[in-house]
Amino acid sequence: MTVRTPLALAVACAATLLGHSAAQAQTSTVSVYGIVDAGIEYRTQNNAKGDGQWRLNSGGLNTSRLGFKGTEDLGGGLSAQFNLESEVVLDSGATGSAFFGRQAWVGLEDKDLGGLAFGRMSTAIYDYTLAHDFMGYAPQYSWLTATASVPATGFTSRIGNAIRYSNKFGAFKVTANAGLGEVAGSLNANTQRGVSVGYEAGALSAQLSYDDARTAATETATTSTSNRSLIASGSYKLDTVKLYGGVRATQRKPVGTVSASNPRYRSDLFWFGASAPLSQAITAFGGVYLENKHGTSSDPVMLAGKLHYNLSKRTWLYATASVARAKSDDGTQTLTGVFRDQTPVSGHQTGIGFGIQHRF
Amino acid sequence: MTVRTPLALAVACAATLLGHSAAQAQTSTVSVYGIVDAGIEYRTQNNAKGDGQWRLNSGGLNTSRLGFKGTEDLGGGLSAQFNLESEVVLDSGATGSAFFGRQAWVGLEDKDLGGLAFGRMSTAIYDYTLAHDFMGYAPQYSWLTATASVPATGFTSRIGNAIRYSNKFGAFKVTANAGLGEVAGSLNANTQRGVSVGYEAGALSAQLSYDDARTAATETATTSTSNRSLIASGSYKLDTVKLYGGVRATQRKPVGTVSASNPRYRSDLFWFGASAPLSQAITAFGGVYLENKHGTSSDPVMLAGKLHYNLSKRTWLYATASVARAKSDDGTQTLTGVFRDQTPVSGHQTGIGFGIQHRF
Amino acid sequence: MTVRTPLALAVACAATLLGHSAAQAQTSTVSVYGIVDAGIEYRTQNNAKGDGQWRLNSGGLNTSRLGFKGTEDLGGGLSAQFNLESEVVLDSGATGSAFFGRQAWVGLEDKDLGGLAFGRMSTAIYDYTLAHDFMGYAPQYSWLTATASVPATGFTSRIGNAIRYSNKFGAFKVTANAGLGEVAGSLNANTQRGVSVGYEAGALSAQLSYDDARTAATETATTSTSNRSLIASGSYKLDTVKLYGGVRATQRKPVGTVSASNPRYRSDLFWFGASAPLSQAITAFGGVYLENKHGTSSDPVMLAGKLHYNLSKRTWLYATASVARAKSDDGTQTLTGVFRDQTPVSGHQTGIGFGIQHRF
C-alpha cells in the first residue's frame, strides 16, 4: 500500500468525506481536471459567396476538455500512472467521436528506466512541438498541427493501440511511440511510429521529431499511404521576451501507383514568432506561418497573434486575430483559411475573436 | 491564486488525499454532483389497440444527471464559473445525444455588473418558470415545458452557441440569452433569443419570459419557422401552503407561405396548483394544466399530482398520478397523453408511478 | 441530514477543499473509481488464411472502466445507494454503446429487509458466479460468461429496465432480478428474470443461479427466443491453494417453430481450476473449460492460465496464456477460439498476452 503513516489523519479525513472506510479511501487518488474555453469569433470568406460569419466557438485558445488522472507511488522510484481525457465541445455540449479519444492510457514510470504506457495517447511529435508554437496549437489561430489549405497538410496528433517509451538523459529527453496495426499476418500495415528528442538548457529549448502514420488496411493495398512528418523546432528566452520557431516537413507518399486520385504531395511549413508581457496581467504572442507547397508557386502564409489578460493563474480573457492568404504570380490561388478544422473556400481569410478560458 | 491563507491546512489535507502537491491541489475545485431517479410507471392507452404498459423509468420526478461544476473567486466581487452536465437515462445507462447537452458553459460573474456566460445552456424561459410549476417539470407528469398533445406545443429548454447575461436589481432579476445562428452572411437565420424578468418579495414570486427560436437554415428558407413563447407565472406562499399558476402562449409562425405541410398554429396553456406538507416527511403537490389549441374546440386538460416522502434532505420516495383527456362537443378528439416525451395515440390517458430519487 | 457531529471537522476540511460551504459539502459524497487495464496480446489463427495477429488490448484481465458511486446513511439501518459505471476501451478511447451501460442504478438497502434497486445493472447470475471462475471473467481468457465457439453460448451479463432485490439470511444470500419488457399489453414479452442463492461457510463458497432472458418483441413473435442458463459453482480454500469449479447449462429455446434459421440448441460448460501464491508478489491461476455442445461430437475445450505480479494492492503486471481446440473423431471441427468477444474462424487457437492493471 502506498499511503504512508504520517498521512493517516488526512486519509481518515478523506475517508469520512467520501463515505469510505479508511482502507477504501486509500485507493481514491483520482483527480478530476479540465479546460473550459469559449468565445465569439468572426471570419471573413466563410462560404462560396464570400460572406463572413459570426460564431460562438468552443476552444478558441485550447480545446475544451474534461479528464481524470492519477499517480500511485509504488516505492523505489517506481510509479503507476493513468490518464483519461475527453474533448468537450462547449458550444453544443458534444464530446469527441471516441469519448476518451484525447488520452486513455495506463503505464509505469521508473526514475532510471523511464516510462512505458499503453493505450490511446498524443504522439511524441505533438507533445514535443507544442511548447515551440507561439500560438500554442490554438484553433484561433495556429497552422502548426494542420495547415488550413488544400490539400490539407499536417501531422498525426493522437494514436490508438499505442505503446510509448520515454526517458531523460541529463539535458536530453527522448520519447518513442508505436501504434500497432492489428492486421493479422503483418506487423507493418496500418502502423504508426514516431520518435522525438528534446534538449533543454537554460534559456534554450530545442527538439527534433519524426512521425510516420500508415493508413493502409493491408501492406499491399494500392490506396495505402505513408504520411511522414519531420519537425525541428525551438524556443529561446531573452529576459522577458521569448522567441519561437521551427520547420515542419510533411509528405503524403502512396504505397501503390501515384495517380490523380492517389497523389503524392509534399509541404514545408516554417514558423517563427515571439511572446512578451505588456503588463503584469497582459501577455502578447504573435508571428507568422509560411507554407511551401511543393509543385505550386501559390504558397499559403498566415500572420497570427493573441493577447492574454490573466484574471488569475487559471482564468484569463483572450483576443485572437489572424490574416491568411495565398496567391501566385500568375494569379492562381491555393484555397487558404485561418481555421485548421474547416476546409477553406477562398484564397484569403481574416479572423478575429475573443473569449474566456478557465482551468480546473 | 484564489485560495486564502487560513485554508492552508485544509488544502494540505486535500493535497495529500488527491495525490497532489499543495500547489496543484489549489486548482482542483471541481465538484461532482448529480441526480439518480428511477421508478415504475403504468400508463393506459399506450398503443393503437389501447393496451396499457408497465415501464421502468429513469427520472420520473427529475431527469437523472451527472455534472461537474466549479467556481473560482477572482477577487473584487468577480468570479469565474463553469458547468458541464450530462443527462443519464438510468433504465438503459445511455446519456443524451450530446453528452454534456444539458449544460456546457464557462462564464464570469461580477457582483455589480452581473454574469456573462458562453456555451450550451438552459434558456432563461426554462430557468425562470421552473419554480412556478407545481410539478417542477416532472416527466411524471408536467405539461409546462411541452404539452403531450398533437401538434406538440412548448418552449425551447436548451440552446447551443449561446451567450447569456444575468443581473439583479433589488427585488428584480433579469436574464437575456441569444443563440448564434452561425449562418454565413446572416445574423438573423437560425438564431434563438430570449429574455426573462423575475420579481421576488416576501411570499410572492413572479416572472415574465419571452423566447423566440428560429429553426431556419437560411433567412429565406420557405420551411423556416419562428417558434415563440410568452409566459407569465408566479407563486405565493400562504403559511405552509404554496400556490402556483401561470399562462404559456406559444406560436409556430412559418416565415414562408403557410400550407398544410408548413402550418401556423397557436396554443395557450393555463396551469394552477398547490403544494402542502401532510406531515413532517410527506409533501403533496397537485393541480391542473389546461390547453387552448386555437382552431379546435377539443382542448386538452390534465390533472396531475405527486407525493414526496423524504428519507433525508437528498433522498426521497415519490408517487405520481395524472389523468389527461381531450374531447370536443362533437366527439372529435385531440390526441392527448400524460407523458411529454411520447407522442400520444389516444384522446385520453391515465398514468401512475412510484420511485426513488437521490441527489449527490 | 446524514453527517454526524463527530465528523464536523472533516466536513469543514472537505468543504474548503471542494469550494463549498459546509452545508453543501455534506451532500458531496460521490466517489470516483475505475480500472485501467491494457497490454499486448498475440493470437494464432486470427483470419481465414490462418495468420496470427498482434494486438494492443484494453482489459486483458478485467474490462477497463470509470465509475461514480455513493452511499448515504439514512439512519435506522437504512441507506441509499447509487452506481454509474462506464466501460472504457483503452486502446481507442471509446466507451460502451450506452455510456453507463455497465451500471446505472439507484436503490435502498435495509439491514433487515434487504436491498431494492432500479435501473440498468449486472445480472444476479453474473455477480454470483464471478468469484468461482479461476480466470475471473478475464477476456484473456475465460469462457465462463460466453464460450468462444459457433454457435456462441453464454448468459446475459447485464439488463436494463431492471429491478433487483437482495438479502442475507445467515450463511445464505439471495438475489432476484427482473427486467421489464415494456411491451404494451404484455408483462411477459421481452422480459428477463433471474434468481441466485449463495452460501458461504469458512473455506467453502457455493451458489446456484438461474436466468431466463427473452428476446421477443411480442409474446407471439415466431423469432422469439428464451435464453436460459443454470449454473452451479463453488470454490474451496485449502491453506493457500484455492480450488474453483462448476457447471453452466445454457439453452436457446425458440417460442415459435424450430427451423434452420430459428434453431434450438443446448450446451453444458464444465470448468475447474486452482490458484496458488508462488511468492509474496506472484500468484498463479490455471484450469480448464470443457463445453459439451449437444448434437455434435466435436466439443470445445480450453486450457487457460495467468500470473499476477503485484506492484501494490491496486497495481499489478500480468501474463496470460491459453490453448483452445475442438475436433471430433471423424475430423469435423467446431469453430473455436480463446477470445470470447471474437467469432472464431478455426478449430483451434492459441493466445498469449501480458499487461498492466491499475485500480483507482
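By written order: A, B and C. Residues from 1 in each chain.
Following the convention adopted for this analysis, a contact is a pair of C-beta atoms (placed from the backbone, for glycine too) under 8 Å apart; a residue touches a chain by one contact, two chains touch by 3 or more.
Here the structure is a predicted model, which means the values were calculated and not measured.
Between the contact lists of subunit A and subunit B, the overlap consists of C. Interface of subunit B with subunit C: the two copies contact each other largely through different residue positions, with under half of all numbers used appearing on both sides.
Subunit B and subunit C have Cα centroids lying 37 Å from one another.
Among the residues of subunit A, those touching two or more other chains are numbered 13-14, 28-29, 32, 70, 72, 99. For subunit B in complex with subunit C, the touching residues are 7, 9-11, 13-14, 17, 25, 28-29, 31-34, 36-40, 46-47, 49, 51-56, 58, 66, 70-72, 88-95, 99, 311-315, 355-360. Subunit A meets subunit C in the complex at residues 1-2, 12-14, 16-20, 27-30, 32, 68, 70, 72, 74, 78, 80-82, 84, 96, 98-108, 118-120, 160-163, 179-180, 182-187.
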